[in-house]
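Pasting the structures here.
The following pair of complexes shares a single chain, chain A, combined with chain B in the former and chain C in the latter.
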Partner chain A sequence: MKGIRPSRWGGQLLHARSCPATIPRRNFLASTVRCQSTVPAPAAEDLIEQIPEEGETLPRKLPSPLPERALQSAKLAALHSRLSLSKKIPLQTLARALVTPSADPNSSFNNANLAFLGSTIINYHVAEYITCKWPRLPMAIHYEALRAFSGPESLAQISRRWGVEAAAAPGEEVDPGLLQWASNSSALVGTRWGGYVRAETDRKHSFYRRGMSSRVVLDNDFGDAVDAGSVKDAHQHHQDTSFSSFVQAVVGAIYSHSGREAAKDFVESHILSRQVDLSSLFEFQLPTRELAMLCAREGFEPPLARLESETGRHSRTPVYVVGIYSGKEKLGEGNAPSLDFARRKACMNALKSWYLYSPGNKVRVPSDMMEEGAKPWKAPHIDIGEVI
Partner chain B sequence: MTVKALRAIPSGGKNGLGAFILQCKKLEFHYCDWAGSSKGMNGFIKSLLPKFAAANPQVEFSISPRPGKHPVITGHYINGRTKPICVRNLSPYEILEKLELLRDASGEKLKRANKAVTSTKPSVRGIWSPYHGKGMIV
Partner chain C sequence: MDVRTLSRPATQLLKTTRQTTLLPLTTSRGHKTTARTKRALKIAPHDSFLPNRSQPFPAADHIIYNPPASEASPEHTPFIFLPPNDPRREAIQRMRLSSPEALGSVAGASPPESDADLPPAMSYPRRRAHYNLTEDDMAEMRRLRNEDPLTWSTNALSKKFNCSPIIVSIAAPAPAEHKKWLEDKAERRRERWGPIKTQAREDRGRRAEMLYRGEI
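Up next is the complex of A and B:
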């Protein structure tokens, strides 16, 4: 977890800008003369001077709708109310949360800052929840669990379930209640947040320095190497990051306007309430060896596989039930059509029940201490993680 | 390091577990100023609709004339489906009932629920296995 100070970033976001000051608008028609005017026509040289070059003629179209149009949008008001957002969060901020950097690269009008603030808050709350609720998870599983809760695909799914629709193309004239993103834009969406671009990305050695420690230090919040460009399905990736940036920006807006506890409640009710099956994330390569190492580490007796029951040994579909015992304690059980595979499955089940130990559903997390009148902190048990 | 992680994105949250999102996102009203079948609809739009819209801010309302046609209310839902209901010759209060039906619908196709409870959690008791226990002695 990197040291962050979100309280510093909130201040500038509290003011919704009323007018785009940076984009110059030229009133072209004011400088021309009407055809049937009685004013004598200017000389030919003047006319030539007045014809502007191509590209400058019309007033430039804004890349995103004006902030004051947010108050007239029925879609935006409905979205604000559907999410049960507080009255403290103005509609202009919600409209800004819907403008992604791919639609409007100007960071005074897009959601980049809000989304960065929101992503740190979301990832912090999800990470502390995972760490306290499943204290023995290996780091690789921890990263994937984090991604299952708050990865771009999951957040994009959440924003679709909120009923957010994307505009066909971003622009000044679209309804401010629609998500604005462009798939062909070259602007980076979110890929530059967190982590460092590795020095070896150019060398095409994908297996060089891919240990867990280097992933913790160098890579982003989900343990992925920061590397712009080499995405398999670029359109889908772009779409997911755009939709997920809206969820992050909403959390950032709640943090800025309503404070820390409201943001935490929002994250708990919308993101942490999803059901994630962690037991489906494991992939074991040497389960028997790992279980033997675990028993040696914890001082248990070495594991022993025993055949508990079998049926149809000479038939086409035999079933063996194998239990793994450490002394008199039964660690796990598995059934499979071959003896060896049944033993492996029993080991996997034993390892999963070790790694997925949970102290209960109501675990205290460190951010609970920020509430007023919180009981003194009792340090939870956090295991050292993977066995081998 | 023999444990590797597989990537799995959860299939979706359960609405109402944690937060509830009203599934009806837009209600569209079509009416005709001239036709008799729209008489109740016109009265509804004048008398009851402002209160209903104020009480349901999470829904977007849009009203548009459709001359020479029967009045229709259409609900648009988050899952992308729509539900149109023709409200010709209905009185304002009958239309209000239809409107509440549309607002409370989930947008899914209607299906018969055979079980009282549908759960994604595994059963506490476990599934019966033929390979465990002593079996039944006949």
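Up next is the complex of A and C:
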């Protein structure tokens, strides 16, 4: 009989194993903690990749709150009901919409996918609305109008009006009802979608013409050059992008849980319902010449300025009211303290009234045809193009 | 009546001269108290603000509509800017035919019958296409310009060939050294300006930019 040496037992049990187990353990982050997540389980290759190397300690602190904590958050429930979201959209998805890639780079837990989906839906609805409602807008104004409705600044404003607040710093312990974003993160580069980095950005000391056609082809949805390096106010920009990504992610969540029509209704009631003064976006170079070219193109009589009324010609503050006529039809009217300015202003007003032509307030857009029992499509008025 | 209106300015002139010569300057009395000021400033409202009293009874319903004097909004498209398939075009045409006076001064109001009813045209340099120049004219223009750009300036050539100066500057541009000389001359003149004139010129340019952006 072999002698038992109980004195060695304690040592065996108390000693930590010097070498790690040879069987690969499943990733702590991917499987153990977040089994309640709304995202599908990652593929096996991903798991193997995410296994920590030998000697590396597992991170104790998660970058964002756990999905199951969403059910306990009062802020999140309040936000859900404030937005009148459908019951089909779980609180966990809304919690995920609040986690930006700058807080949690893992795309299985941040809102990057939902925000990309949402941004395409928002931009589609806004662009078709602008095209049908103001068919004669020049491309530059079209881009600015698109930015005014669905640009990062506007969407950030919308999310602030919804009552979304940002956490002081992202982390596991914060309330899931707060927006999680960090301004000093390197993960912001991954949030750019659409557009190409221009080749000439590398060559510093040369001037390149950035025309409208190349903006349409190369640049992003709002006609801005894709260049992450040179943002003027980086903090403000990242903040706006983070807040706007929540709005986009909510639209993406509505689309994936409730369908296309619910997403369209949401976009119409929250984004397209805002008022934009398009006439303040114009900047002209040579308005008198542009109006003359317009009249020549459309076959109208050449424009002629006529002095409709004046007061105080010899005083310090005269006022002239000038009307622009094409034949006997009046095109526009402007008033200014000098004859020349009044004429130019009248030309600008005439051009604005040309560009801002709208078929009406209730325009039909192509996506209306997807509804059940829609009337046959009647093509909207599409202008032949800008005045050159 | 006519005689009185004609003679009135002359009599007033006589009166005022006599007053200024004989009487002290402050003859008219101001409204020294609040009550007197209020009474003096009490003006009856304009007719358009008052209810319609054309019928004694029952009082006719009407809407008081007194929009402030303002510029027309660019969202009101003028009649000729409406595309051919727009329903507003037909509606305005129908209204013009049926009741021309009903539209008043609305954007779609019917235009006056003749040019005499329109406001006076302003005089400013504007494009009047002649299309009177031939190939030989262009060659002659270029020859003159190259021979003596000082005598045959843009304006001189435009007068000689009866075309606009812009056509001359496109068809027969001055030689490079002449342009350089003109620019230097203008630069020397600009250098002689004092600070006030320089500032005034800058401000004028800035005002034009603001105008084009719609800020003033």
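One rule holds in what follows: the second predicted complex is superposed on the first by the 320 of 388 C-alpha atoms of A that agree within 3 Å, B and C clash if a C-alpha of one lies under 4 Å from a C-alpha of the other, contacts with A are read in each partner's own complex, and residues count from 1 in each chain.
In the analysis below, a residue touches a chain if its C-beta (ideal position, glycine included) is under 8 Å from a C-beta of that chain, and two chains touch if they have at least 3 such contacts.
This one's a predicted model, so the numbers in the text were calculated from it and none came from an experiment.
Of the two partner chains, chain C is the only one touched by A:Tyr357; chain B is not. Contact with both chain B and chain C is seen for A:Glu283 once the two complexes are overlaid on the shared chain. Of the two partner chains, neither chain B nor chain C is touched by A:Cys132. By the document's definition of touching, of the two partners only chain C reaches A:Leu304; chain B does not.
Shared-chain residue A:Leu117: touches no atom of chain B or chain C.
Once the two complexes are overlaid on the shared chain, A:Gly334 sits against chain C while remaining clear of chain B. Chain A residues 280, 282-285, 287, 308-309, 335 lie at the interface with chain B in one structure and with chain C in the other.
Those residues of chain A whose C-beta lies close enough to touch chain C in the complex are 279-280, 282-285, 287-288, 292, 300, 302, 304-309, 322-323, 325-336, 339-341, 343-345, 348-350, 352-354, 356-359, 381. The part of chain C that touches chain A in the complex is made up of residues 71-83, 85-86, 107, 111-112, 115, 118-122, 124, 126-127, 211-214, 216. Chain contact summary for the complex, chain B toward chain A: residues 1-10, 12-15, 17-19, 21-22, 25-26, 57-62, 78, 120, 130-132. Partner chain B is touched in their complex by these residues of chain A: 74-75, 77-78, 81-84, 138, 140-141, 143-144, 147-148, 151, 153-154, 157-158, 160-163, 212, 268-270, 272-277, 280-287, 289-290, 308-309, 311, 319, 321, 335, 351, 355, 386, 388.
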